[in-house]
Each structure stands twice: as structure tokens, then as C-alpha cells.
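My questions all concern the structure below.
Think of it as A, B, C and D in the order they're written, each chain with its own count starting at 1.
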Amino acid sequence: MSEPFEPVIIGFTCNWCSYRAADLAGTSRVKYPPNIRLIRLMCSGRLDPTFVLKALAGGADGVLITGCHPGECHYLEQNYKTLRRFTLLRRTLAQFGIEPERVRLVWASAAEGARLAVEIGKMVEEVRALGPLNWQGVIADDGDPPIAIYHPQSEWVQGVAA
Amino acid sequence: MNANGKPKLAMYWASACGGCEISTLNIGEHILTVDAVFDLAFFPCIADFKVKDVLGYPDGYIDLCLINGAIRNSENEEMVRLLRRKSKLLVAFGSCAYEGCIPALSNLTTRDATLRAAYLDNPSIDNPAGTLPQPHTAVPEGDLEIPFFYHTVKSLDQVVDVDYTIPGCPPEPHQIWAVLQVVVAALTQGGSLPPKGVLLGAGSVAVCEECALAKHEKAVARFYRPYQIRPEPGLCLLEQGLICMGPATLSGCGALCPQVGMGCRGCYGPLPGAEDQGMRMLTAIASILDVSGRPGDNELDLERKVEAAADTIVDPAGTFYRFSMAHSLLRRARTDGVEAAVPQPAVWS
Amino acid sequence: MSAKYGYYPGCSLERNAIAYHQSAVAVAPVLDIEFVELDDWNCCGATEYIAIDVLPAYALVARNLAIASRQKLSGGNQNQVVAPCSACFLNLSKVDKYMSDAPRLAANVNTALAAGGLSYKPGSVRVRHLLDIVVNDVGYDAIAAKVQKPLYGLRIAPYYGCLIVRPGFQGAFDDPEYPMSLDRLMGTLGTTVVDFPVKAHCCGGHMTQISEQVALELIRQLLQNAAEYEADAIVTLCPMCQLNLDGYQEAVNRHYGTKYHIPILYFTQLMGLAFGLPAATLGFGKEFVDAAAALNKIGVQPPPKPKKERAGKEALPMPEMAAGGLSHES
Amino acid sequence: MSPERIGVYVCHCGSNIAATVDVEEVALWASEELGDRGVVVARDYQFMCSSLGQELIEADIKEQGLTRVVVAACSPHLHERTFRTACKRAGLNPFLCELVSIREQVSWVHTDRAAATEKAMAVVSGGVERVTLHQPLEPLHVPIHPATLIVGGGIAGIQAALEIADSGYPVYLVEREPSIGGHMAQFDKTFPTLDCSACILTPKMVDVGGHPNVTLLTWSEVERVDGYVGSFTVTVRKKARYVDESVCTGCGICTEKCPVRVLDNTYEAGLGYRKAVYRPFAQAVPKYPVIDRENCTYFQRGKCKACQLFCPTHPKAIDFEQKDEILQFQVGNIILATGYDLFDCRRIPQYGYARLANVFTSLEFERLCNAAGPTGGKIVLRDGVTEPATVGIIHCVGSRDHNYNPYCSNICCMQSLKFGHLVKERTGAEVFNFYIDIRTAFKDYDEFYQRVLEDGVHFVRGRVAEVTDAARLPGEEGKLIIQVEDTLLGKQRRIPVDMVVLSAALQPRQDSTEVAYTFGIACSANGWFIEKHPKLDPVATMTEGIFIAGACQGPKDIPASVAQGAAAAARVLGRIHQKELALEPVRASIIAERCSGCRICNNLCPFNAISYDTARMITEINPALCQGCGTCVAACPSGAITGTQFSNEQVLAQLYGLLLLNVSSGPVQQPQPALVPA
């Protein structure tokens, strides 16, 4: 049986809530799959949608965005902007044919280590079921044959086709 | 430089609309100067040149070659590769060549879907046999050949090495003339050429700097399509709920569209500091969308409110990547099995 | 257009609680409600069958749910079945909940139902109690508007019994410890509602068959408390409570040497009276303890407001009730 | 080849990391695979945070000329500062050191050793790519204004105010009620010493009232706080007292003459009355009364003015034209000591509060047995006359109950024991305490419990099911019957009593979420202010310069509140002495020549750090106000805003490393698009 597909998921966390939730999952030894790799930002508001595109285009199969619950942001209200960006981003990605399950937003307070671990586990299984994204493949194989020669027999073929 | 010592000028149009040629001719009487300075080596739009003429030129014969239009089919690709070999300076002229522009919007769907939309389920088509264009078609007279229609539209720099780029759809005549003057100075009086890869004929900051409309702190409850509201004159269009790509678009055009009440479409492309114009505009729009809550609010209600506000932006990918799809980080939609969600234009349905 | 509900009368409402059925059917049109009786419904096993054998008891009840789910009734996304009798309401509600919680149980029940060509998908029917619909769907204001003859002067002890307030079922609609919906309803009808602290205590249920001694004690406590508060009648919404309090009142008097004479009525009967419907159509007279004496006390004007007797000079102020709560005797 | 010389240090953390991550393999991999990414030395060591571990780093910096350091160990929230200080000792700018977590976020949460090791490698690779782009930074030094704002004049606030004022620094104490004293002022006795609450509280109140360094702002509320640690601008609304404090002597004649009697729901907990012009209690500080607009006949119907008539001062202290004052002042630090609200016992209908006359809450009972209370300290029923023969005291009302508050309110056991003792002492009545567990954990508490046992108080272990007046058995008429399951006897009991006292739970203030929002600190789900660390830093918050003390952080008794008040004061005094504070230099800044003045970012900053320069038509960020959240960096459509420590390049570099795109053996290769010409 071929080796099961192990998705790579990039997780963006906010320093005050979800990163500490991840730490708490650690100190309480709550297990979750190793497919996720976390990046610490000062706030979920720091997340530029470009980061998500770069992650997907760079080989990640899914992106998990986490932050404080609305109203509990250390910087008071910045996670509301995160929610707005995420909502517009998810719709744009759908037009690029990226399944909504690949990019998710989860609020996790500093006390919700176990819950974050569960959400990570759930996402890994969902993305595993969707299979690899391999965006480079999408860009590379554009389904076109090498240059269709206009006049195969004419002498300037070499010049053009070289 | 051959026989008569005049530098050779070429202008070719790949998958284009001809607007760039018109804009070039719009430089007015300066066209006489161009004619005086340059020898036209290849300008199919205004003079009857043939491909074999270009094939006859030695490599590098053309001093300045302006190519507009995206690379949509195999003929476009062949011609731009040919012109690359025959030209010293190759310029990606206009948004199509620079970043894909309108043609590249078809990257959100597939070749088959595009052909079906044009030749089969098109309201005004009469094609009972359902024939689709084929690269080779055998007819009594012989073998008919037409270029191969690519699945993905590419910008010029994704096919050949480009020396300079002039953004805009089309580039403004005064910007074209400014660039030509620099090139003419370099070619004739030995002036220095700008460094390779530079963007010419544009500003360095966003369109807002050139836009005369009054700008304030922005908080927009919802967005409108241009036909839905009549904007107040003199006030920033974005603040009134019209999507204006100005903040994320390079200046240089003098903010023509916003001055007449039409939100900037983003045709001069992204700012130097931005890697993906679509995402820059998406995050800008999200920042001014006036939907938030207070501590203790119900999270589901908040999400519903944000979704409702986002519903007023009908086609995010098409709107934010209208001109820069080929240069977007994702470049095209993934269509293997997953039917790309091409939004039906609201007007037709 | 009146709201349609599936109607599950249950065996009691055909026999000993006929008054409840008659008054409910009489009051429904006034409240703009239409009952569509489930065709070929069967007994719900009341409180006894489940104690004998669980699976057949569940299948018995699930059959009714299956019939209800097939009969698209009240429209909207989920059709609703109303069970005036508390025991039927609890059984239907309990089976629906446990079938959705325990898939294996649901499977076994559905294999049983398959014999009759039926099956039931848990959650597809919403089970409601009649009081819940009257209070929450129709609402106090709509009822107040329909009151023609307010029952002024009638002192009522509202008795909920222990089944409909049980927490945790999707049909539960009031505070399990201290329900107030029936109190407010009776207030809306113009009666004087006494504070009846044992309103959610047990009436003995089927203990009357198993150990009469225990049941009589429980019934005595209810009657004694109602008597203490000088209630003219106890209003209830469950045939079993009505039967125990009414039917065994004489036995309690004999056993404890008490002389209680408190009629036990259904809330729908009083609603009928307040709406001006003729007493005959409301099943009055069917009760053991005659309600005539109580009904005569219904006056035309509201009883004089009992003037708050001047609290002693040193009396400490009372905290006022939660906003919106019905303050008794005020 | 990267210009930087990077040192990678993989920690075993004893077995915490080494048990699941092959640390030697990771170090080896780093030196081999990341060699051309700048890694010149890669070591693994038992305990990197130990002095020996740190010396390893310092030695490498000096001997190998390292310009960057990556430590793969625990969480940056634990030892980032340790490794940064080590680098600083070795002469390397501390911000060129990155701590990546392979313990909390790898070894402790994964089981598959191979997968955990590969993830650790990716995490190290991300750290290496990121640290390459780190810039040397100096912490931002902000001056600390010596003044302190204390919100809440309860015992915690009073203690903090005295500690700071006595050290010679100015304090603004803002209290919402007309007088300071908080809940403690309402108590009669305090446990375990049975000291009279007023006797030990009023001296401190008088000290605060008369202290030269304390500006006392009672009957006032903080409306706005701007600025940041070291220089907060506080806006306070000082509500009109309609009494001129400079003239009033506090003689109290106005209160005597005022004809309007009003139910006092705050200080007397609804058991006593006060006048429309009143002073909450005799020992109130400040001593000036307040006119309650809603109930004052003059304000409602325009006549009376009895208080002004009889006021002996010249000019008259009563001034009906007085207006609210808005005060603004600068402070360096803020201490929140806003206290608690009592649980509303009406939420438990089966206990009959507000329905059954003789059911009292704990605060009502405090007023009942208080000598200055409505009954002069006589413990009587609601009729104000009859002494109870039997009293039932119920613990944990609204506490340790998943329907209401899951937590234990800490003080109700001792308070209930105190009540039991007072009833026994003053009335000789039978006393029943209904408890789940007797919690007497602090000094002399359990001894007090033994003493109450000796007083003959009965203790019934079980949660009370119901308090009812429905008598069932003979002897229950006219009594309140407490229905309870006595879990030690294993049977149901019905205990008739005359009076029931409900030891209600302590709850966060009604407006705690709004107050937290005003001061920019976090509130937990049920409303208590969130401390920086529950065990190691209970009086600080995540927001620099804002401290919390007393019950607002969680239910606690007077000794703990006083201790926290003093602790918060000590932290503030420490800050004041430092004169300036070094802040993390995580700031956003605008590249002026890229800004087009589109103003998209203008409404993004809750700290008002972003302002538009109308003259130059571009936007600017005030680095002092900026808290470094980066929301504007991600929002700027021109990419004209960048942020130290979290610039786009740094984050994308870490992403590049995490996806192992920087290593040849990485899982995903970056294929060259076929179409780029040869």
C-alpha cells in the first residue's frame, strides 16, 4: 500500500492567545499530528493574505489561521480585521479552485490548548482526505504541448523552436 | 544600424485589443518626430509587414521593439520569441504584456470552458453541429492550420526576457512619448539607457497621490456596483462604497478614472513594495469594511455580519486581479476535477 | 391561516381525561391553532411500560413518531406534534432524544418498526407540550386579547407536576425548579394566582397502584399546601396528576381525617371559561370533586387589591422580585 | 552562500525533547544541510538554558565570530530573554538571537519519533532563514511618569495607595461610590480574628483621605485612557456632588433635615434607608455628602432645598448648580482594584430569596449584625422585631455549581462560620451550616472553625435542595424548611428554621468587560481580569503598565487583597525608580516615499498611533504609541508599512525555511517554469 499522504500545514498563531494555547497543549502533553508547522506573529491582525498564498504556492497543502476570540484581542480589536480578511480570502481562493477546508480560521484563547490540538487534528485529517495541493504542479502543467510549429517544414523552424 | 543609419522601430500586438497602438498614435504630432527618427521595421497594425520580412532581418536588427498583448496562443509565443531574437530592446508595452490584463482573466477557468462559452452555449451563436476550432482541419483545399489556444495565458516576461515595461491599459500617450524621448536620446545622442527591467512611464506611489478627490478615514458598511449608486463628486469613491483599486495601483495615469467617478481598475499594476496586487487590495478592502463587534458578542452573529458585508463584493478574484492575474502568486485556478467557481456575471443571468 | 400541529391525544384524553381533550379542542380555534390528529396512533406506554421492557417500549413510542414524521403537518422545516398529556409528551420527547444519542438503539427500534413498514429518523419531529405552544407560540398578549370573561376572584394554585419541567429534553420550556409559565397564564386569565411552592413536586404517579400509602402522602402534601394558601382550585396540565389529586382526594380525607374539597381542573378548561365558551363544552362536571362551588365565586370585577398591611415600623425592607416575575399576592 | 555566520543549538532539555526528537540528528542535519544557508556551528546540549549551555553560545560567538544564533528548545515565552542576555554578554545584539520551540510544539505533542525529528529540522530551518534577516535593535526606552492611577477604593486600592503615597509619589485614587471603603466597610466583624471591620479599615481610610500625596476622586469614574506605559493620559468624570467640598464641614445637618427617605441598595444592601442628600456611612472618607439627583425633590420637582436652608456654612456648601467635571492627568502606571459584585440569589428560585421574607443574602446579614446597621446590630427577622430561634446558613450559593459559577468563591466558608459564631454569640439560636466542604486553608482559619464547632453550631454536609415554606410535617408551620440530603447520614433531612442566610458567590463586576476594554487588558470568559501569569505574575497583566489587585482578579479574602494591593504597589514603585522602561522594540513604521496618502490604514489603530499629516498628505506612525501588533503592516495596499522583528521578509523567510524550500533534499522542489528561454 503506498505510503499515506502526509499533508504539510502551515499554522499562523498570535503571540498572546493561540501561540500560548499551543504551548499549553504542550505542557498538558495533548497529542496532535506533526503535520502542522507554526509561525508566531504578534497578532492575528499581522497576517497578510499574501502569506497564505505564499504558503500554498510554496508547497503547503493547507493553512490554519488562529487568533484570540473576538473581543479578547490583546490589541483590543485587531482580530475583527483578521476575520474580514479571512472571509474575503476564502471566497477568492474558492475562485482559484482551492477547497475551503484547506484554509481555516480558528479562535483559541490561551486556555484552550486541548481544543486547539483537536482542531489541528481535525484539519490534518480533512486535508489528508483532499489529497496534495501541489500548486507548483498546477502552474507548471498548463496542459499545452510544446510550441505548435506554424510551418514545420519551413527552414526557420530551427530559429524559432531553439 | 544599417543603410540609412536610422534606428529601427517595431511594434507587435499579441493577444491584444489594439488600444495600445491607438494610444501610441495619440501622442499627436510627436508621431512625426518618431517617423523622422525611426525606420519602421515591423508595425502590422499600421503598415503591411509580413513575417518573412522579420525573418529576413539579422538578429538584433530592430533597435526598439514594443510588444503589447498577452501570450494566449502559439502564434503569439512564436512571434514574441522571433522578435526577441531580432530586437536589441524589447519592451512589454501595456498591461497585457506586463501582467496578463483582461485576457489572463481566463486563467480562472479552462480552455474547454472558454471555447464552450464562445462557440457553444453562447446566446448569440448558431452552431448546431457544435464545431470547435481545431489546430489542424482537413478541408478539400488542403490542411487548414490555426494557432493552438493555450490553457493558461502568460505575460510577456513569462515567455521571453524583457528589457523594459510600460504599464497601463493603455499606457497614457504622454507617458509613451516620455519613454520614447528617453530611448531616442539614448539611440541618437548616446544618452544613457535606464537600468534593465525598470518600469517606465509610471509614478512611484499609488494612484491616490495623483487623485484630487478628498480622502478621509474610511469605514464602509457595504460595497456597491458602479451602476447601483451615483457617487458624490469630489469625495473619495472608496469611502462611498465603490471599489477603487487606486490605493494598490501604481500612479502615472493622473487618476483619470476616479476623476470621472469611476473607481480605478488597477491597470497600472502593483506598487514596487507589493508582490501581489490582488492580495494588497483584498486586505485594504477588509481593513475599511466597517463590521466589528464588542467583547462578549456572539461569534456566529459576527461571522454572519461579515459574510453579509462580503456578499456585496461580487467577484473578488476577478475584481482584485482584473489586470495582474498572470503575475498573481497563484497565477491560475486549479481546475483538475475541481470545477473552478467562475462567477456568472450578474447582468446576464 | 391558523398554525397546524400534529395532535397526539394519548389514551387518557379519550377516557378519564376527556375534559382535557374537550376543552383543548374547544379552545384551539379561539387561539388560531388547528389540531390534525395522527391517524392510527397508538398508546405511549405511559410511565409503566418502559420499566418493564425498554426496547418494545421504545418501539411502541417510536411508531407514533414515525407516523408523525410521515404526515407532513405544520409545514416549516420540521413538523411538530403536540401532546397535551405530560407523560405522552415526555415519552415521545425521550425516545426521540435517546434514539439520536444512541445509534444502536435507533437501529434496533427501526428494525422493529420495519415489520410495519415504518422507520423513524431521530430529530425529524419536534415534540411539544400543549402549554408550551399556548404560552410560547400563541403568547400571553394574544391570549389576554381573547379573554371575554376574566375569572376574577378565583384563587388558583398552578400545579405543573414533575414531567414537563424535567430538564434536558428538547421539549423542556420552563425552569425545572420553579416554573412560572402556567402561573403567568392563569394571571392573564384574571384569576388570583397563589404562590404554590410545591408546584413541581410529584403527585405520586402510578405509585397509587404499587404502594397506595406513599402516593396518598404525596397527594396530601399537595392538597395541604393548596389549602394553606386558600386556593379555590388546583389547575394542572397532566391527566395523571388530575386523576391522582381528584380521584384520591376522598381517600386522603378518609386516611388522614382531613376535609379537603379542592377541585382539580385543566388549564384549558379555565381558558375556555375566560374566552366565554359554554361550560358544557369544556368538560366541567366530569371531575370527582365538584367544581361548581369554586366556579360560582367568579365575580364580575377584580377582587379588591389586598392592601399591604402596614409593615411594622422596625420592619426591614423586602428585596423586590426579579424584574418581570409575577409577584404573588401583590 | 549567506553572508551571516549562524550558530544552531539544539537542546535535549533532559529527556523532555530528546525522548521524542533525535536532537543529535537535528544538529547534524543543520550543519550539513544548512551549511550554505550560513550555519557554521551546530551543537546539541543537555540543558541549553543552564549556565554551561549559555557559555557554549557565548564561547562560539567570541571564537567563531557568530553573527546570528538560533536555539531550538522550549517556548520563547520561557527562555527567549535568557538566550538574548547570553548573546548580549558575548557582545552580540540580543535581537539577532531566535528561540524556536521544539518542546511545547514538537516533542511534547507528537509521538512518532521520525516525524517529530523531521518537524524539528523544519522548525530549525525556519529559524535559520528568519534570523538571517533579523536586524540589530535597541529596546525602546520610555520615561515613567511618577504619578499612579488607582481605580477602586476598596481595601486593595487603599493599601496600594498608601504604599505608593508613603514612598513619596503622587497617587490618584478614583472611586465610583461617594466614599472609599469598598465592601469591607459594610462588614461588621472580619474573620478569623473577629476584629471589627470598621476599626481596622477606617484608620487606613483616614490616612488615605488626609495623605498629601493622594488626590482622592470619589463619586468619579475613569472614562478614557490614552497613551502607553510610562505616560498614560487618564480622563476622569468627577460627577457633581452638589456639595462644595471646600466649604462643607461634614456636620451632617443637611442629611438630618432632608425629608426624602430612599432605600439604600448599595451600602445597606437593601436593608436600610438613606436620605436624598447622604453620606454612605458615618466614617465615610471623604466626609462630604452627595445629593442623589433621582430622589432629590428639588431636582425632580423644583422645590424643597431644605438641605441648603439648614446648611450652617457661609457661603452655603449645598450648590445645586454644580456640574460634572472632566479631569485629565498624566500617570505612569495604573492599578485596577475594582473588586467584585455579589451573586444575585434570585437566580436560584428554589432558595426563595425575595419570595420568602426571612431569606437573607450574606451582605444583608452583614448589615443586620453591624452595630451601625439598620437594626443596630440586633439579629432579627424581616419583621425587624422577632429574634430567630433557629438559623440556617447555606454555603456555596451560586458557587461550585455548573449552572451558575463553577469556581469556589474562597471566602464563603469562613464568612459562614463567622455568621454562625455571631448568631450564637448574640441570640443563642440553634445554627445549622449547610456545606459541601469546609475550606479553611489559611492562617488561623481552621482554628476558628474548631472554635465555632465548640460554640455548638450544627454542620450538615450536603447541597441544599430547596428552602420552602410549604409545611409538611407537624412543627413545620410558619417556618422555613430546608430540604437537604445529609450525605454523611445518607438520608434526606427537612430542617425547619426561622432565618436562612445565603453565602452568595463572588462574581466579577457587571461592567468588567467594558472596564477591561477601556484599560486595554483581557477579561476571562466569566469576567475576571486576566493576570500575566496565574502563579508567577498574578498582579501584572499582559498590558505593560496596567496592574490588578484584589477580588477583580479572582475571589479572595481581605488578607490576600491587601497583599496583592501592596504587591502591585511594589511593582509600580519599582517601575518609578527605574525612571524609564525598556520595551520590546517591536514597532511599525511608514516608508514615507512609498506612502500615497490613501488613508486606508488611518482607522486601524486602537492606540491612535496612526495619524494623517494633512500638510504633506501622507500618514505617519508615532513609534511611542505603536504597540507593534502589525495590523497596519498587513493592511497597507502599497506595502509602505514595515515592522521591526516581524517584517514581511522575515515572516516569509521563516515560511520558506519551514517548507524546507531552502534545502536541496526538501520535499517540494521549486521547478523552473519550462518556458523561460535557455
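Convention: a residue touches a chain if its C-beta (ideal position, glycine included) is under 8 Å from a C-beta of that chain, and two chains touch if they have at least 3 such contacts.
Values in this document were obtained by computation on a predicted structure and should not be read as measured data.
**Student:** Higher C-beta contact count, B-D or A-D?
**Tutor:** Between the chain pairs B-D and A-D, A-D carries more contacts.
**Student:** So, what's the distance in Å between the C-alpha centres of subunit D and subunit B?
**Tutor:** Computed from C-alpha means, the inter-chain centre distance equals 55 Å.
**Student:** Can you work out the whole-Å distance between the CA centroids of subunit B and subunit C?
**Tutor:** 73
**Student:** Report the inter-centroid distance (CA atoms only) between subunit A and subunit D in whole Å.
**Tutor:** 36
**Student:** At least two other chains touched by the same residue of subunit C: list those residues.
**Tutor:** Touching at least two other chains: none.
**Student:** Going through subunit B residue by residue, note those that touch at least 2 other chains and give them in order.
**Tutor:** Touching at least two other chains: 81, 275, 280, 283, 286-287, 294-296.
**Student:** Touching at least two other chains at once: which residues of subunit A meet that condition?
**Tutor:** 48-50, 54, 71-72, 77, 81, 85, 139
**Student:** What pattern do the touching chains form: line, ring, star, complete or other?
**Tutor:** Graph shape, chains as nodes and touching pairs as edges: none of the named types, so other.
**Student:** Taking the top-of-page definition of touch, could you list the pairs of chains it picks out?
**Tutor:** A-B, A-D, B-D, C-D
**Student:** Touching residues of subunit D toward subunit C in the complex: what are they?
**Tutor:** So the residues of subunit D in touch with subunit C come to 263, 270-273, 346, 348-350, 352-355, 357, 364, 368, 374-375, 380, 382-385, 466, 468-472.
**Student:** Flag every residue of subunit B that touches subunit D in the complex, lowest number first.
**Tutor:** That would be residues 81, 84, 154, 158-161, 204-209, 215-219, 238, 246-248, 251, 271-275, 280-281, 283-284, 286-288, 294-296 of subunit B.
**Student:** For subunit B, which residues count as touching subunit A in their complex?
**Tutor:** 55, 74-75, 77-78, 81-82, 85, 108, 111, 135, 145, 147-148, 150-152, 275-276, 278-280, 282-283, 285-287, 289, 291-297, 299, 302-303, 306-307, 309-310, 313, 315-318, 320, 328-336, 338-343
**Student:** Can you tell me which positions in subunit D touch subunit A when the two form their complex?
**Tutor:** Touch residues, subunit D against subunit A: 75-77, 101, 103-106, 108-112, 115-116, 118-119, 122-123, 126, 513, 517, 520, 522-525, 530, 542-543, 586, 604, 606-607, 627-631, 633-635, 643, 645-646, 648, 651-652, 654-656, 658-659, 661, 667-671, 673-674, 678.
**Student:** Touching residues of subunit D toward subunit B in the complex: what are they?
**Tutor:** Listed in rising order, the residues are 513-514, 516-517, 523, 591, 593-604, 612, 617, 631, 634-640, 673, 675-677.
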